[in-house]
Structure formats: C-alpha cells, structure tokens
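Letters are used for the chains, namely A, B and C, taken in the order the chains are written, and counting of residues starts over at 1 for each.
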C-alpha cells in the first residue's frame, strides 16, 4: 500500500497510467448498467453527433457509442486478461523448469522456445480463424493466442530462474528433500514475480493489440462489441467518407488511452523493480 | 620575469609531491522516492604521494578504497559526489586540480595519469582487437606517425616480455594473466608519471600474481613513476609498496613506511591486518575480529573501529580521532596509538 | 573456423526445425478443419459460372492433396510436404485459374521490400537514438524524443496507419494512401515507375517505422545504460578516449549485439504488422493477399501464403544468424 502511494507521488508515468486505466475501468463498470442490450441495433436515432443526450454520439447502426464503447472495453479487456493469464501459466512453467533444470534440458527447451517464437503469429491465427469459420468463438481465439504468445516472456523468466539455481537456498531445499515442484513453486516463484508482473503488462498490451487487429479485419465475432469491432463496423459503413467521424474517433481515442495507460504502468513498475530497467534486455 | 615567478610559485607547493590530497570527502547521495541516503565512502582523507614511490592502500572490501582511488582519478559519477576537499596532481610543472578545474584532467589522462583496473579480465573491449585498444588509448599522446607508433608499441611489448603478435588477438582468446599483462603494457606505453593500480593481481592465480607484480615493479623502476597500489592482500603490500595507508570504513587509520608499519603497527586495526597474515612456521590459530565492517551509510559514532576494537575506551565512541604524527614517523588516527603490540 | 562451422550447423538446424514446425502446424490446422473445404470451394467456383471441367478437376485434386482426403494421415502429410517443397499449391480460387504460386510470386517482392526497408530503418534509427539517449542521459531534446517515440510504441499498427491516412491523405494530401504504384504505369526499371513505388511505399513504411521504433529505442537505451558501467567502458573513459570513438566503438557497438539477436527474435511479429499495414494502405503484398484470400474463401491461397510466410520469416532469421559472427568475433573464433 505504501509502495502504491509512493509510486503515485513520485512517478509521473505511474500517475498518468493509473488515471488512464481508471477511466477505462470506469467504462467497464458502467457497461454493467447499460440501458440497452449491447448486441441490439437500432435502439437510438442513428448518426447523431456527440451531444448532451448522446455523449459520444450514435452510429449508423442505431447504437449509442458510449454504451457500445463501455461494452467493447469490457469484452476487449476480458480477452486480453484471458490471454495474459493462460500464457502466464505456460511462460512461468516453461521458464522456471527450463531455468531450474539447466544444461541439456534447458538448451532443448529454449531451442523449441525460439522456434515457436520465430513463427509469425498472425498468419497462423488467421489460418485457424479461416478454417474454423463460424465455429470460432472468442475463448478459442484467446486460448490460441495464449498458446502463441508466451515464448518471449518464458525466456526472460528462465534467465532469472537460471541465476536462482545455484543460490544457497535452492541447494538447501534440494538437500532437505523438497520435491522439485515444491521448490519451484515455493522458493523460486516469489523471485520471478516482479518480472512476471512486468511481462504480464506487456503481454496484455500484445493480446489486446491482437484482438483489435483481428476484429478490424472482421475475423472475430463481429456482432459482439469490441474495440476492433467498432472500427470494423465504422469502416463497413464508410464512416469517414460519410462524415460520421465520431464513430471512428471514439474507439481510436480510447484504444490509445488504454494502451498508453497499460504501457506507462508497465514502464513505471519496471523502473520500480529495477532502477536500471535491466529487464528490457532481450533474452538471457 | 613571468617564468621566474611561476617557477617560484611551483617550488612553494612541495615540488616532490606528485599527488596532494587534502580533506577529501566524497559521498554517494541517493534519493529514491523521496528518501535521501548518504554513504560516506571517502570521509576526510588527506595524503601525499611522492615521485618514484609506490604508495599502498590497504583495507577490507567495502572499506572505501575503491571509492577513494576512483575519486583520485576523477572517475566518479553520480550518485557519487565530492563534497569537500581537493585532489591535485603535479606532473613535472603541469599542475592539475582535479575538482577545481576538471577539464584539465582529460588531456592528461594516459599521457601523465594511467590506470590498471580491478578485474582486468573485462577491461579490454571484447569486440575489438588488442591493437585497437592501444590505438584508442595511446596514439594521440605519442605524437608519432602510424609506423613509428606501432614499432614503439611492439618494442614496449617486447620489453615487457610479451609477444607483439598479441596485438592481433581478441581479448577472449587470451588467458587472464595474459590480459593483465597487456593491461599493464597498455597503462605504461605512454610512460606516465602516475599510475593507479586497483587490485591488479586479485583475480590471478598465485604464480601469475608473482609474475605480474614483478612486471609492475620493473616498469615502475625503469620509468621512475609513482604508483598508488590498492589491494586487500597485505602480503602483496609487503612485497611491493614503499609506503602504506590503512583504510577503515572510509577513513585512514594509519599511514607510514611499509617496513615500519609491519614491524611496529600503531593502530589496533593495522595490527589485526598484519596478524592475520600467515607466516612460515607459525602454528597459532589466527585471531579474528568480532563483528564486521560497518555500513558506510550508518557508521558508528566516534572512531569507526571502536565496536570491534580490543583496546576501545569510552572516549573512542564519543570523539573522532584525527591523524597525528606517530612514533614511527608515519601518521595514525587512534587515541591509544603506540599501546598496540604486534600480534 | 571450426567453431564457426558448428555455429552455422546449429543455426541451420534451428532453421530447418522452424520450417518443419511451421509447416506441420499449418497442415494440422488445415487438416482438422470442421468444414469440407474441397466441395465448398468447388461449389463456390461453379456458382460463379466457371464450368471448365479440366480446371475444376485440377483445383479439386490440389485441394485434396493440400487438405488430404486420400490415404493415411502420414501419406497426406508427406503429400502436403511435396506440395510445399515444390511450391505448388494448385490454382487460386479468387484469381482462377492462376496458380497460387504465381499470385504469391507477384506479391512477395512487395512485402519483402517494404518489410526489409521499414525494419532496417526502424531498427537503425531506434538503436541510434536509443544509444544516444542512453549515453547522454541529461540531453533535453533526446529526452523529449524518447517520450514521443515511446508513446508511439504501444499504439496498434492500425491506429497509426489510419492517422497517417488522415494526416497525409486528407488534411495535408501530399502522399498516396493506397496501392503499391501508380496503376497506369508499366512496371520496369524506369525512373517514373521506381519513384512511384517509392512514393506509394512511404506511408506504409512510415507506419511500420513508427510502430517499430519505440521498442528498439527502449531496449537500446537500457542496454547502453548498463554497458556504460561495464569495465571496458569505464576503463576507456579513464584513458580519456575521445567521445566519438567512445560512443561508437565502446558503447554502441557492444550494445548492438543483443539487438541483432533481438531483431531475429521479433521478425515473426514484424510480419504481423505488415498484414495490417498492407490492409490499411491497400498495398499489393502478402498480407493483403492473405486477408483477401480469407474474404474470398480461397483455401489454397490462404494455406500457400501462410506457409510461404513461415518459410520467409525463418529464412530472414537464418540470414541474420549467419551474419551475426561478422560483428561479434567471439562467435567466430570462440
């Protein structure tokens, strides 16, 4: 708690990031009090510019952009969180095990790690989206994205775990007959937690970016409001050409707020953990 | 007229002292999230080093000896800062006030003042050949054309018993002892008046250590250079230094001719350091001091050594002992100086 | 030389492994598709009124081999490999009856050119400014630049691209916002055509550079601020090595090494960015082809582009790995 107050007081990035994210979270909370079903169309007068009644205007599909935005934020964040959590489990497990075992095993695991890292995610995801077609749902997409997005983080975690391997307390634990799983979970996990936190932020940014990308292209469930989906519909109705600028401006502005908020938080936390920002280093 | 005057002025500031340090204080000042922390790594140190002299500085790790010589070499960076005092070099007429006019030092580096660093394993740029280091470090000081410069460098290497072909090597292709020898060659190729050697033998195994020490001694004798030689290893000091200063927790405890210091230590800490040296035929169990060196961010009051000192009296915890002339011709900072019997 | 050879073999092994994994993954994904792509595609084609039975049969056969309907799973797998190795993915549905390989062959140079240039630019500039910002910590302009570059970094490619279109296409219309070159020009090494390609590529490349710059900037800056405390830098400083040599030969050069490795590690992501950029700017490369293929339900094309993209990225990684010893002597001789 004290750390939190200190961060707010002395770290400008943290403050700005926290304010940005507070705005986003307020939207997410608001989404639960929406007066309309988010999936419904033509519930309000279409194409109204921002006004006192419709804060952010309405779109050509007769939806209030404020409530659309709120629901989109909730769905998009949900996607990001699921991806981040699932990929965390993989990244931590692979990183800790590889770092703890070291030697040959470590080399093999890291070779596989780098192989998966060298595969371009987007084409593979698109291929999957393509062959699954209508059976694609956001949880499947999230799990697939998680399976594709952990290698970089596991490498970072592994390099920390590698240095823990030869520490006194590890040997002591081994000699006292502690099971390997328990050593990793009880003794090593707390040490890698800071770096896990930092990589989670980055992973969240990546996952949300992925969702935005896929939805803009129309490769997700387009009826379920998401940030990228809003832009997709705006494009489909040629909002820019039709002069309904707010339709495209609203998701763009808020997605920037979301990303900057997450990014600044990640940066300031990183700085707090390691004043020399060593974690930004690539690999081991 | 002008010349006479400046000459007169120079004679006034002790001509034989190549280095004069007065009341030097250098602290690490850290401000992290609004909390200010001060680490007094160098606290009120005065000393002089004369021409053609090997001046040793001894002390445990974290006694501030590395910080001291970094400060002397004008190599400190924030968060470390000089709070008070001065460091002045006098290189045969050219005087340099390191913290008064810092820009004077840069052109004198390597020409007059060179450095042999601790952990010399990594001091050579890993991605460049050895010859590039020689070129970057020394070329501009020698005033020689390309061919003449390289023949001088090769000559110098040969004189130090090194194969000139090492110039073509990358650092990782050389052994630790070899790299250290190259560093010494690098530090002496411009024939500087003053060399600072920071634990130059620490990372080497004993046989190589001997060899490297011999090399440093040879070069020093030939060039009549002054050396500040820092190591925690008292036996190395006994072998190479003319005068010796003992540091404890950022301050000087004692200073004097090396021989006199070993024969007749005036400070209880000096006595302890010497007593911990193994001697042939001696089978007594070494006494170790209780406790450990104090944290420099929160040093004890009075004499910083008093919590561990076997001779401590009440006064030691109240008053800071100042450096006073000692019975053996050196200086010592202890209220009970002279009561020490070498262990 | 021996050490270098072992290094090369290892890298080549990794290259083969990446290609193998990628192609296998593509095969599996395609194979376990819940819909029957073959009949769907054929019916789609015939509904367009194309009834030349020979070419329809050709399409059906190639799809059958790509998606596998005959023989055991292993047989199908090997047939798929045969197709991949010969680069023969059958005719494309959306550009029927042009073979997929021809369609990809036309698109590939655009993507390779755009990505190579944009990546080189963002990598070089990001590293240069990052190194300067890490070395001259208190320089104001560099700090401002850092804030600017870093706040660009997390913003999705699409948003940056769209902003570029708004700024340079509508508000201040100086650059073309669509296509790879002027349409009425004959492709060739004429001044007119080449300059048109460059002008058309500017915005897509600028978008990619803006998105990529920040990451390199941040990591280079922190690398440099670590390296300046390393022994060899401190030592060179004590020797009074002049600032310029110091920065280029003792700091930047050493910090660059992990960045080269980093470049190889992120190429997969870079390709993802290209998909979006090509979509936004209607650029005639692999990314646009992929998206168009998906919209059109062109199975052979999608599979072909995915596979080729995987191989292309792996090749680029391999090239970087091979060049690496040129700048780090420790690999070659160690």
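Keep in mind that, in the parts below, a residue touches a chain if its C-beta (ideal position, glycine included) is under 8 Å from a C-beta of that chain, and two chains touch if they have at least 3 such contacts.
Only a predicted model underlies this, so the values are computations on that prediction, with no experimental measurement involved.
Chain pair with the most C-beta contact pairs: A-C.
Placing every chain at the mean of its C-alpha atoms, the farthest one from chain C is found to be B. Centre-to-centre separation of chain B and chain C, using mean CA positions: 54 Å. Chain centres here are Cα means. That of chain A falls 53 Å from that of chain B.
Mean C-alpha positions place chain A and chain C at a centre distance of 22 Å.
Contact residues of chain C toward chain B in the complex are 230-232, 234-242, 245, 249-250, 253-254, 257, 327-330, 333-334.
Interface residues of chain C, counted against chain A in their complex, comprise 14, 17-18, 21-22, 25-26, 29-30, 32-35, 37, 150-151, 153-159, 162-163, 218-219, 221-223, 225-226, 258-259, 261-262, 264-265, 267-269, 271-272, 275-276, 279, 290-291, 294-295, 299, 302-303, 305-306, 309-310, 313-314, 317.
Only residues 73, 75, 106-110, 114-115, 117, 119-128, 132-133, 136-137, 140, 170, 172-173 of chain B touch chain C when the two sit together in their complex.
Here chain A touches chain C in the complex through residues 111, 114-124, 126-133, 135, 152, 205, 209, 212-213, 216-219, 228, 231, 248, 252, 255-256, 259-260, 262-263, 267, 276-278, 280-283, going by the rule given at the top.
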